[in-house]
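Presented sequentially are two complexes of chain A, the first with chain B as partner and the second with chain C.
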Partner chain A sequence: MFFDLSWIIDWGLLSVISLYGIGIFLPSVFFRNAHVQNLVAHGAAMAASVAGIVLGVAGLLAPTAATFSVSSNLPLLTFQIRVDPLSSFFVLIISLSGLAASQFAVGYVREFENRHSMAALGGLYNAFLLSMILVVLADNGIFFLIVWEIMSLVSYFLVVTEHEKAETRYAGFFYLIMTHVGTAFIIVAYLVFYQQAGSFSFETFRHPPAPIPEGFRTLIFATALIGFGTKAGIVPLHVWLPYAHPAAPSHVSALMSGVMIKTAIYGLVRVYFDFLGGVFPWWWGFIILTIGAVSALLGVMYALMEHDLKSLLAYHSVENIGIILMGIGSGMIFQSYGLPHLAALGLLAGLYHTINHAMFKGLLFLGAGSLLHATHTRNMEEYGGLIRKMPWTAVFFLIGAVSISALPPSNGFVSEWLTFQSLFLSFQIPDLLLKIILPIGAAMLALTGVLAMACFAKAFGISFLAMPRSAHAREAQEVPWTMRIGMGVMALFCIVLGLAPMGVVPVIDRVTASLTGISIAEKLVSEGGFALAPAPDKGFASISTPVLALLLILLVPAALLMAAVIGGRLRKRFYKTWGCGINLKPRMEYTATGFTQPIKQVFDMIYRPTVKLETEMLEESRYFAKRMRFQTHIEPVFQEYLYDPVVKVLQKLADRVRVIQSGSLHVYLAYIFVTLLVLLLWVR
Partner chain B sequence: MGPVSVMIESALITVVQMVVALTASPFIVGLIRKVKARLQCRQGPGWLQPYYDLAKLFRKDVVASTHTSWIFTATPYILFASTLTAVLLVPIFLSKVPLNFAGDAITVVYLLALGTFFLMLAGLDAGSAFGGMGSSREAIVASLTEPAMILSIFAVGLTAGSTNLSTIVHKTALLQGIVTDPPPHLMALAALFIVTLAETGRVPVDNPATHLELTMIHEAMILEYSGRYLALIEWASALKLLLFLTLMSNIFAPWGIATEREPVWMILGVGVWLIKICGLAVLIGVIESMFAKLRLFRVTDFLGLAFILSLLAIIFFYILRG
Partner chain C sequence: MAIHTDMGSQLVNLCSALLLLTCFAIIAQRRLSACVDLFALQSVFLAVTAALVAFLTGAYHIYIAAGLTVVIKAIVLPRILKAVIERLNVKRELELNINIPSSLLVCGALVILAFYITQPIISLGFLLTQDSLAIALAIVLIGFFIMIARKKAVTQVIGFLVIENGLFLGATAAAYGMPLIVELGVFFDILVAGLIIGVYTHRLQDTFDSVDTSKLTGLKE
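And now, the complex of A and B:
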């Protein structure tokens, strides 16, 4: 080979770590000017992201995994790093998103420059990216937990960047607690491994001296699911997402929603398919699939009712994590029935959706950031008509909206289609119940897809179309080039992932082949590299997004030509919209609340809406209203029935414990002494 | 035959299919109107009226709202192109359409959704409350029909072992020309019929003949359109109707469709197909005359029925097969 891959991996890894290191420390140490700090920090992040892309690609191409190890003075801890296809794939996702988000950040954080410490913001941002890279590269339990914790803490600090707002502090606090609950469960899972394997090295997790007993494997399954599930935002552990993701600066939201929650997907795949060797009973996959379907459906349903654009996007992350888990869950079911081809297909669908979601959700969050930058509000009801003020942002947001709605020929369509196929191929499972249940999952996926489309018709239509609904929107201006380029890069990634699935599938196939032992790329890519056809014996079905795109692109001018031939030259007149005889005002436009009202009414079992309508009538006649007050509210079911009781119990317990908390230093010293004594006696 | 001539042949068949669909679709719309008129003891407009309407609309001036953006202008073309692309993936007179590798049943559903998405945006674009109302209602109708549509096609796809429409039609046509597992497939057919009524904006879900603000769905979304834009949208709607009727007739009873690329059989296939979809169109006309439009929030029950039917179809399929 022209380049030596292992050489590239060595240097890629070194330059990623050192460039992020520069980004972390250089701004605060050497520069005083906030703008220079901004440029240095995000410039370093971009350079590191490019290095990360190289590292990811090299790691995916390398025939064998590369490992690095630095021992430490602490017991049990070794800084072990392993570059294998799975981790390389996630390094690639993180770096692609990091590249676009860093470019966007250069323009976006300019308005933070005078209000916040740019050294801190830029440094933390770099630390956040580096910690995510290390999470997916770590090859040692303790090392993993350390970088995992750093990732959580750094993202917490980034969430509370605008800590002068009370709601941001609340969001941060909520996030901090939830993420630590999750980490606790991951620690339990790793401790079980340690107890069975005798070491924290992932290599021994993979090959424990004696097989792990069934009960302990189930314990690992459950704790890893809860632990990583909290970070991923599966229902019902999703409640922190709609608080934390909107509170963070938008380029950080893009990374949190697009990439950070994916580290949890990485963790789940790593534990189930790698550590546990892909050997598990069918009901594990069934649980993952069910959680995925419920998360997808509830995520999109709550997103529909959300009118804060960034919260809406956060709920869509819950939805998309659900779709990813549906792919992975169906793969796990196939794996347990000894159908490795289909297992690889399900896993591939999940991982394809993982990279797609990182790109379009990142793009949409950057778009939302641009709107926030231009209007200083996140409330959709105050937008409107922005397509004329911000034409570039509108186009990029539309690309993201089409992708997340899985409309052909977008990237979201490709991965959702693969997920559909892996659910439909369930007819090969020799179990009647699963054969019936998996198509129900497909129906839920279909419902999710259409509701997402409705939600983004709302998000795009209310925000960008018609007339401005507020002074904020009237005075909005297009965002600077630095931000537009960031969005453009993300949009480009989306388009490439959509139109070149035959190039993407073999790449992801290297990941799934390393986990399931079976390569399906050749079976998947057919028709001379134009179409995808997922089936063990070709011909179940196929799609070709390039051909679809070509047809759509060819038929539009054909329609134009046809119209010209039949109707001659286009004569177009402009006139204001008919408003039933009175001048149309923005207040008469359809609102986001109004748009989703039918959906709220149809699914009122889930939303349990409360409506308060107070009408004050004219004294002369009870048929004419003088004033009306309308309030509507959706019951936050999970907070009310799941979290509040737990919090109440915890508070009660805390009250009890207060008895021993005297506040006197001497008493605490005595406690420590007594504890030490007891421990010594116990150890002896 | 060499591969080049095969490719030319495929391109030719694709173009013919496009022309056939474009030509036949206004006729079906006219046929339904005629049936309704006769059931109301009226003569009704002539058979060629839909063609005259389209030609007239194409020649008329366009009046656009000053509030609209490029979305408003692009939507008719996107809708027309996406619907026509979907039509090219559906077997009409030849069981294996040349473009069958480009998309399956799910692709057809999502291509139609692409058009719906842009229509919903266009409804919001002019800033009129009517358009918004139409888009909002279209959102709920679409979200309830699409799962049922995917499941009902899958119920038939199970027999053929494929979601590829050409494979489904081809295998059924070679076997006995009509669906092989009557109980589940009839349920799926019933589900698809309900979906057809909803997706093409027919009574009892929507009324294509109304412009009353409280009841319209599809017509409300396109209220601001005129001239050639309206012509393209009307033609696309007619194509969509044709597509659904073709799906019902050719998936469930592909009898008479050409299974090989023989000109004689293909011409015969066009004839048989026309008879089948005309029959279905008459049925729709009769239903439109017999039933009243449902209230919007009753529509959900009606569409829920389609979903349950298609789900039952799958369950029955497995239970009967054991």
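And now, the complex of A and C:
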């Protein structure tokens, strides 16, 4: 080693915290000009992200974990920080996304400059990034909960940036409630640890003085799953995502959807594999796997029916969290059956998909932000033909769409392929039931992948191809270069993660090795470092994305050659598309609703669609329609059958309690007075 | 610091009793400016008690507290309150939540209650005087009761200040005073509270054309 890693970690940590600190406070203190505030805030965030990348890489390379500790005067609270491979990996994810999103933000928030306080927006943005970094670095339960809560609150304030809109306020309120319900469950999990271990330090969580009894371990499993699951957006706790993520400014949506929900994945892995030492019964992993499969499938199905581009992306986050959990869940099953190599593979697949999703979902949200910036609408039915107006955005969006659809040789393909392998290798489990069920999970994953592809065929096709469907789309212009660079950086990360898995796998392997104790990188990367092969000795498949990419590139000239040889002479004619003699209009185009109609029909059991068709006839003749009105609506099953009843019961209870809230000052004083007297008599 | 003279302890008791008496007078009084005067009088009694305690115990910093009591509670705050009364032209407390005879009865009961509650503490026997702790608690309770029973914001301010006087009496007469820094902090708080409540009263007048705090019920959804 040429330079001292621990020195880099020390200074990396210090500069990350201080640069974000500068980004939080400097804009509001020194500058009056909104544009300068914008530049200072996002410049500081970018610098801090670069420092974060250095810190993450150094933490991953360091042979031992680095710990820092500052005591406080408050009971039970110590500001403990630990830089180990798992936290470094997440610091890396946060910082990579943060770098691109901050670059994008410089251009994106320009239109906010006159409407909103740039100091507040920029400061909160920095605080959001810093709180996420501290969440993954915290090494003390109370400290963790504090920064977790700060992360939730700051993101709430970012969600309600455009608070003049009623729907944004509703989204923020919904998010605030859900995130606090989740936090309550996490607190319960940590309190159980505290009660068993006698301290809030994570070190004692890992090594409690006496082994934690089975019942309490199960309680921790369940509360951590609900608590972190709410933040991650697993079905059925996902309902807030499609409201909150679209409401935030797009660069914040990119971070919320790409990174913030990953802190929940971090929490789950930390609790199950680190604190509980990776020792658990098989049904824990099975539950995680099932939840993952259901989330993946339902997430993508609801995404298909969504025509608000940002809501669509939010539903895809539910899907991808499901895929990540499928990897982690299969890893947990293998772990409990004493198959550490496979456990490491499942976990690695999950973590690989975590970083991939952060990149392509971030990219897609930035792309959606660009579309919003250019057209001022999120409704896909008003886009169309944007590939000619915004070629850069189109290319970047396409890269993201290919990645999320897991088409080879993209990064999404690599991690989903690893997840598939992990599920197929279940035949090594000695339990017959699981041998049957895990391939079913693989089938659900396959269905998910297909539907995701359909969804992005829709999203890209409807938005970018054909003719503009509205005045918004006709007047759209390409976004400024500051935003294009942001998207380009994300796209670059996606491509690198896709084409160089043999470089990425050993890095993630350091994380899984620190958790499972077994390194599988050497086994996994084969063929001289150009291919991945999970189980070569079992005669299983192997892939090499660079070779695939090369093949695809070679296929293009090959196809052209074939066309030239077989297809005869190449003739070019320029003429309008034939429209049966009528002039083509945007209204004749395939709509997003129409595109997804077949899928809606096939899965009507899940969607429960209601269709309303009203036809208004001409007065002169009942055979000619004057106007037709078509309404279609899918039933929000979870809200109607799970959330609404709970809300109703709560409201009834609240109405009862409300009686004591008379609103009269004197009555309130009397309450205090009577309480005082009763207490005085009590202590006598 | 022990008290040698029975005389001194008697005097402190007497002053405390006078403080309690002014409380009853405030309860019985409908005219607001008279209430303010009575409060000023009560504060003077409080200052005398504090000075007596300072003399008897030799804790000289209590003299400073006594002086501040005179300046702030007997002069400054009554002036502020009178200015508010003058400006808003609210002279009398017309509607009461609880009428005057019942109020007096309730206050009598509160005094008994206060003696009953403090009995175990007094019987421990390390207090400067026997009864001032009970009286102090009684004053606090009566101050609280004033806030509940009267509707005008000005009377409520007086109730609040009476509570504070009761606490101060408890601190000086029963526990030889608080550290000076705490007392200074308390005086500052009182002054700020007086100002805030003055502003609040103005706002109330502006919004509801009245300083009747029961109108605040209208703010409820």
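Methods note: the second predicted complex is superposed on the first by the 636 of 684 C-alpha atoms of A that agree within 3 Å, B and C clash if a C-alpha of one lies under 4 Å from a C-alpha of the other, contacts with A are read in each partner's own complex, and residues count from 1 in each chain.
The criterion applied here is as follows: a contact is a pair of C-beta atoms (placed from the backbone, for glycine too) under 8 Å apart; a residue touches a chain by one contact, two chains touch by 3 or more.
All figures in this text were calculated on a predicted structure; none of them were measured in a lab.
Chemist: By the touch definition at the top of the document, which applies to A:Arg684: first (chain B), second (chain C), both, or neither?
Modeler: Only chain C is touched by A:Arg684; chain B is not.
Chemist: Touch check for A:Gln661: first (chain B), second (chain C), both, or neither?
Modeler: second
Chemist: Contacts for A:Leu555 in the overlay, against chain B (first) and chain C (second): which applies, first, second, both or neither?
Modeler: The answer is first: A:Leu555 touches chain B but not chain C.
Chemist: Pick one for A:Ala476: touches chain B only (first), chain C only (second), both, or neither.
Modeler: In the superposition, A:Ala476 contacts neither chain B nor chain C.
Chemist: Scan A:Thr577 for contacts with chain B and chain C and give back first, second, both or neither.
Modeler: first
Chemist: Look at A:Leu669 in the shared chain and tell me whether it touches chain B only, chain C only, both, or neither; answer first, second, both or neither.
Modeler: In the superposition, A:Leu669 contacts chain C only.
Chemist: In the superposed model, does chain B or chain C contact more residues of chain A?
Modeler: B
Chemist: Which partner does A:Phe420 reach: the first (chain B), the second (chain C), both, or neither?
Modeler: So A:Phe420 only meets chain B here.
Chemist: So which positions on chain A get touched by both chain B and chain C?
Modeler: In chain A, nothing is touched by chain B and also by chain C.
Chemist: Under the touch definition given earlier, write down the residues of chain A that touch chain C in their complex.
Modeler: Result: residues 661-666, 669-670, 672-673, 676-677, 680-681, 684 of chain A touch chain C.
Chemist: Sort out for me which residues of chain B touch chain A in the complex.
Modeler: Answer in residue numbers: 55, 58-67, 69-71, 76-78, 80-82, 84-85, 88, 99-107, 109-111, 113-114, 116-117, 120-121, 123-129, 131-133, 135-137, 139-140, 142-144, 146-148, 150-151, 154, 157-158, 161-164, 167, 224, 227-228, 231-232, 296-297, 300, 307, 311, 314-315, 318-319.
Chemist: Tell me, which parts of chain A touch chain B in their complex?
Modeler: The touching residues are 385, 387-388, 402, 405-408, 413, 417, 420-421, 424, 427, 432, 435-436, 439-440, 442-444, 446-447, 449-451, 453-454, 456-458, 460-462, 464-467, 526-527, 530-531, 533, 539-544, 547-548, 551-552, 555-556, 558-560, 563, 566-568, 570-579, 584, 586, 588-590, 594-599, 601-602.
Chemist: Flag every residue of chain C that touches chain A in the complex, lowest number first.
Modeler: Of all residues in chain C, those touching chain A are 97, 113, 116-117, 119-120, 137, 141, 144-145, 147-149, 151, 156, 213-214, 216-220.
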